[in-house]
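The block underneath contains the structure these notes are about, expressed in structure tokens.
Note that the chains take the letters A, B, C and D in the order they are written out, and that residue 1 is the start of every chain.
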Amino acid sequence: MKRLSLSQAFWFLLRRDLLLALRNRSELANPLLFFVLVITLFPLAVGAEPNLLSRIAPGIIWVAALLASMLSLDGIFRSDFEDGTLEQMLLSAHPVPILVLAKVTAHWLVTGLPLLLVAPLLAMMLGLDEDAYGILLLTILLGTPVLSLIGSIGVALTIGLRKGGIILSLLVLPLYVPVLIFSSSAIDVAASGLPATAQLSMMMAFLFLSLSLSPVATAAALKMSMS
Amino acid sequence: MFKWFVKWFHRFGSPPYFYRLAGLWLPWLTGLFTILVVAGLYGGLVLAPTDYQQGESYRIIFVHVPAAWMSMFIYMVMASCGIIILVWRMKLAEVVLSCAAPIGASFTFLALVTGSLWGKPMWGTYWVWDARLTSELILLFLYLGIMGLYGAIDDKRVAGRAVAILAIVGMVNIPIIHYSVEWWNSLHQGPTVTKFDKPSIVWSMLWPLLTMALAFKVYFVISLFQRVRAELLHRERNTRWVEELVKS
Amino acid sequence: MSLSEFFNMGGYAVFVWSSYALTLVLLVLNWFLPYQQHKQNLRKLKRQFRQDNRNNDSRT
Amino acid sequence: MSVLLQTSDLTCVKDDRVLFEDLNLSLTAGQMLLVEGKNGSGKTSLLRILTGLNLPESGDVLWQGEPISEVGPEYYEQVNYVGHHDGIKRDLTCLENLRLVQAMGKPLPIDLDDALDKVNLYRFGDNFVATLSAGQKRRLAMARLVVTEARLWIMDEPFTSLDKASMAMFQQMFEQHLNDGGLIVMTSHHDIEMPDSDVVRLNLSE
């Protein structure tokens, strides 16, 4: 009998989530706006001295990216949880981790990827060394998917809670530490004119590790949250 | 042999059996703990010689290092419970996991505070972003996360499975976090903090340290049993064995 | 070694003894609180079952 | 006829209350199980345990003699569930919603347009679900049952916010499904009039 294959299911789900995001365009800009706002606060707080700013720029950009990503996490499963489509997803004949991966991918495309667009602009405003721009983009490209993937576990664990927000950050932030360390250090190193290969390959390793492990954990956590 | 083990495992996992067994063991464990801790303290505070570099301040080691070891050990116990919960759905493992978390958090906190109390005479400040202190701090957050999640979910069966997943995820992450922090530290600070790493430690210092570590482990079991008994009584309050126990 | 020398800890008394004091406090707390909790649970259940018995007795 | 769906010594505990204990059921092709009982008697819990969404305290749900946790995907191919939530997205059109249902790996017997026609929603196919009434949404949720060919339909109060005509329509659909060798497990506060079908009743309040 005819049925749709797993890869078709993946694309359908991905396309559906992108379509839904597109239809709620106003929410689309929120993480981006938050990212920009947080970064604007730093010069106001620490002073506008160019040397200082350019030295702490990698850290600022990454802390802001991390917070922006965390703030948008709840959206991965929230509406699906409320209208019962998540329930239907768990009853699928396809392996749930793959479907979870489709949803996380869609979420990353909507919330993580746009950071890539404004990051150079913000880096310029903070006076980051120009040699480091390429590496900055690369770390965002490699690092933000890891944030979404790890974050999805936390969201799946707290989705059933009414006041899950603060617990979510408590669960997720410690797990974000390696990404923060390696990405900001990669930019740092690149800004001082050295190669950042080691850091980037570590981040690549994080990406593959979280790609393979976190959907499984998320699927298990979702199943737990639904009961 | 395997069959025997499975049978024992199931019996051990049954709440009434465990409750009774823990009650029987507690006095013995308390006795053992007292002996170990008296021996360890005497060895550490009186017998062990003064360190020629750090003077007497190094004596903090006899609580600091065992506490730090415990903080890791308890997390490993919790992660193992997590696996047992997800694979065999054993209720006792849920209780153990949830009861171990606050004890683990206490030891982590202890390791942090004693570490910074040691740091003041050594480095001149209470806090440095030393690799070990930093990863210990992150470990404390992981513990608090587990306690927070367990407390936030009303249905304790569901909460048990949630923290099981979280504990396992944390277990996978701990080495990564640890090595990242270590690497970060070596990048940002010189090797000034390696004072902690003694290449070799003399026997008269080592044995009190190991004795204290053992004492802490026994203490963990005591505290855990105490908590598990209280929690079991509460969770199983509607079952027959609790009724019989209370009536007798 | 005199007793006061021992307590002085070579000038590091504050750090050493506060470490040990904190350890003591945490160990006692982690033992005492569950102990208290257990006793309280037992007491609560005992009362509850006594109440049930009374109800049964008065009914029969 | 061989037994397809079975429960063995199923026990469900919620918030320290035993909802049901040692429940043994068996359902063959063409049979419908109607679960009755007071509010909070565990109807929804039983249905969710049958789908595998909830776990029982003890006991097993068996599909063709094997526990569903071991059968896995082969069981989920055969199950369609309509719960309290409609499980449809407000910001998608009816057709987009059904297309996604089909993507979930279950066998496909009929065309989406036909399915919409079956539940009288054909002309709303390209409308957003947000614009539909509660009854229409419910009908769309029920259309999920027919866009894939699952043998076991599990429904939790399917007739909420439906009018008499729609109810009759769905009961006809159910009879058809049973005649084709399907199975139904459902709860309902409404009276079911399916005289020609093999309906087993289970009251959880007793």
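The definition used in the following text is that a contact is a pair of C-beta atoms (placed from the backbone, for glycine too) under 8 Å apart; a residue touches a chain by one contact, two chains touch by 3 or more.
The structure displayed is predicted, hence computed values, not measured ones.
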Far-end chain from chain B, centres as C-alpha averages: D
Centroid distance [mean C-alpha coordinates] between chain B and chain A, Å: 32
Rounded Å distance between chain B and chain C, as computed from the means of their C-alpha atoms: 18
Centroid spacing, where centroids are CA-atom means, of chain C and chain D in whole angstrom: 53
Geometric centre distance via CA averages, chain D-chain A, whole Å: 36
Per-residue overlap in chain B, given as positions that touch at least 2 other chains: 237
Sites on chain A at which at least two other chains make contact: 227
Residues of chain D whose C-beta touches two or more other chains: 55
Every chain pair in contact, whichever chains are involved: A-B, A-D, B-C, B-D
Touching residues on chain B, where the partner in the complex is chain D: 89, 155, 237-238
Chain A residues within the chain B interface of the complex: 153, 157-158, 160-161, 163-164, 167, 170-171, 173-175, 177-178, 181-182, 185, 206, 209, 213, 217, 220-221, 224-225, 227
Footprint of chain D on chain A - complex, ascending: 1-4, 6, 8-9, 12-13, 16, 19-20, 23-24, 79, 82-85, 87-95, 223, 226-227
In the complex, chain D residues that touch chain A: 48, 51-55, 73-74, 76-77, 79, 81, 83-92, 96, 99-109, 144, 149
Chain B-facing residues of chain C, complex: 1, 6, 9-12, 15-16, 18-20, 22-23, 26-27, 29-31, 34-35, 37-38, 41-42, 45-46, 48-49
